[in-house]
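I am attaching a structure below and will ask some questions about it afterwards.
The first chain written gets the first letter, and so on, giving A, B and C; residue counts start at 1 in each chain.
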């Protein structure tokens, strides 16, 4: 479903060239739950930005659903973000002036859905995350975990092909983190592909598949069959 | 702390904010300098002394519509009646009202041949009697007034005598006495100067020839009259004049009672309007610029809260923080003032070229920049005091 | 989508009320000043002749001798007018000057009053499309065979005859009986273009009488009379035969050919006069006569004073200061909201959608500023007219301003918003998505 081939991303300043990603290769299958780990500065965020079409890359190819989406112009990239990708951020990034329903509605607005369709989807998405009764609340009136659930509802409302989650539980206490994680797993079970960036090995272990990025390259990947993998643990330690 | 170099380089790095402020100051200086120059020019113009007892002269118009009236005779009777009224210091007929914007003007020649002779500037041509000087309240500085028996009723009389203003005398005969000199109106008409008055403006306040006036010894039976009396008597006098003159002859319209002060105000009204609108502009402009400055400084403080906290943690005093912001904005203000001053001069040149305005005096851009510095100080100190109160602990907090 | 943007704009304005108020104030003050001066300027620069502006022309003649006036005078001599009137070359023509007389009727209750009077030809009413309520102009024959007839205005008719049809009744001007032949409606072209020399913004006269009476009745001239040389004038007949200029002369020349042929006619006339020893300045006959259409005529008579042009220019500069000011404020405000933009971009808003959203916000602020500015302008005009007694016609806020003002305000605001909106829509979304 998602394939990256030999992606390179170079940041240039007057003095130095930094390779954030070098010959980065990755393929994600439909319905997978992929955890991306790696030490800070390894290129996790760059990967996320490129996968989410928030940034371009220097060279390489990026296929989504078999279509090459390298070097799209801004409008096309925005449309793909809107239709195919759902974002979940560590800081939730809800718009503080909008109530929950309006926050969830934002991507639907840009998609150009009718008012009726928007209403239906907002309701469905918020009910899915268990906040159907709080549509008129403002984000500031909610706990962190609830806010993150709203953000998930916002990501789901557009029925994306995959979710990109960036440290989704990083700002939450452990109880809330577990609830959010369970929600993500349920969503994955329902068929949505999820790519999650995290530095928490505990969380990563819960994914079907782990990918580690070190120095801008995919260092190793292992298919999990629900169990644990020691090899990844050692790699983790080696890297840190 | 007052190290200007790092402040300049940080200003140069943060592009749009300071540039916008700079543009605003440049434009403001250009506008304010020219506007205040025009304001001052008009105010000076309005404050000129007319030489005439503006407040005391009550004027009015008589319109005789009965064809059988002997206008010459009626005029004499009317003036006699006016002089007999209580509180009247003096009264005279006239062909025109000073400072009124309408009247008679002419040029006279210094020799008999109009083709070759030099001519005087355009002069306002009053016609009056031996009572006119006293009615105007002007002072004779040389020569004499008309005698009663010299007054004629005929505009084309061959025996025209002139009282002229000192400004005209000095212009035409710079280093000699004007009294006794002769001027020509056309080839055959000679007029003689018999006296010089200190100051007596003409009718057109916008004319550069305003100070050049003459009085001829003609008792003009047109329709304008001037009565001199203390302003407090004017109201009562108005009724007394109406009663007395209408009793004398009812076949006429008597109206337009107003003092020369009012006439003058009307003539300068457009200038007063200009001064008012321009003053409004200057005040609002300064207000807007200072609001813009305040807003920008507030924004900067918010953006640099952490930086300010760090500076404080590193030992900067409150005064240091204050002077940091002041220095920063003074630099913008002075640079803007310099460019704005140049722009002001250019704008002034354009105005001078296209319109009837004198050249911009350089003191105005300079004063405007000084004013801007004052405005800057106030507009910066208020928000910057808040910045100075930022706690050094901000440095360690991650916001 | 537009309504969504309006809704977002309104939320954003409500969220930062002080900053928004500052922006609205800044625009409104700039707009207020600009509209005040623009309104006065527009009123002054208005051409009331409309589509007839080209075909209505005044005649100027270079009748002055050498070394006198350096330009055409707006007005012409009586003798020239009488000669040109005889030619009847133009479609319609009218000579005119302003006079004044005491008005009475047979009703002794009505006190005599002094009124401005326009002495003119029957063509006046056609030339300037004067609307009649009762009767009509005097007959064309009266322009040659003088008769004591008059056209009066609605207001005077109200005062003298209680507003009824007064055609056939008698009024007395300086005690002479004139028969009323027509009553015109309230008609006050602003500027008073047919004769701006006696107050470009004063009201039209209430009495019109035949020009053909001038020679016999010796009407006084309530206007400008100028001469380029000394002439001894002992009586009114001397004045009529003199070189003094004091009459405005209008002709109606519908087509360009008409104007061409009239110019030829004028040249021929000047040539004739040169043979009679007039027009001595040595200019060719073609260069000694000109036609001024309404625009040129208004310009020639300085109907728009210089001060107003200066004020208009300065207020446009003033508006640009306001523009820069709000540009700064908006930049401040928009950049503060960059994180929100980052989120919107991430979940699928394109740059143009973000740009539109912010332009709509700017437009809404501009609209508020425009409305408030209109109120300022209205107040300023009201205050100025109360304080300075400026002609009513000039301080009335014209209807078009209700459209022009918001348009200028929104336009200015959008111009100022262009850069901030561009900056904010260009921000990299990824920068603002990490929680810092």
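Observations on the structure shown:
Assume a residue touches a chain if its C-beta (ideal position, glycine included) is under 8 Å from a C-beta of that chain, and two chains touch if they have at least 3 such contacts.
Protein names from UniProt, one per chain: A = Phosphonate ABC transporter ATP-binding protein; B = ABC transporter permease; C = ABC macrolide family export system permease 2.
Keep in mind that what you see is a predicted model, and the values were worked out from it rather than measured.
When each chain is reduced to the average of its Cα atoms, B sits farthest from chain A.
Across all inter-chain contacts, the pair with the most C-beta pairs is B-C.
Centres computed as Cα averages put chain B at a distance of 26 Å from chain C.
Centre-to-centre separation of chain A and chain C, using mean CA positions: 67 Å. As a whole-number value, the distance joining the C-alpha centres of chain A and chain B reads 74 Å. Within chain A, no positions touching two or more other chains are listed.
The residues of chain A lying in touch with chain C in their complex are 45, 49, 52, 54-55, 74-75, 78-79, 81-83, 86-87, 89-91, 93-95, 97-98, 106-107, 109-112, 154-155, 158, 166, 170-171. By the touch criterion given at the top, residues 16-17, 20-21, 23-24, 27-28, 30-31, 34-35, 38, 63, 65-67, 114, 156, 185-186, 189, 251-253, 255, 269-270, 272-274, 276-278, 280-281, 284-285, 287-289, 291-292, 295-296, 299, 351, 354-357, 398 of chain B touch chain C in their complex. For chain C in complex with chain B, the touching residues are 19, 22, 25-26, 29-30, 33, 36-37, 100-102, 112-114, 174-175, 229-234, 305-307, 309-311, 314-315, 317-318, 320-322, 324-325, 327-329, 331-332, 380, 384, 387-390, 419, 423, 436.
In the complex of the two chains, the chain C residues touching chain A come out as 1, 4, 11-12, 15, 339-340, 342-353, 428-430, 433-435.
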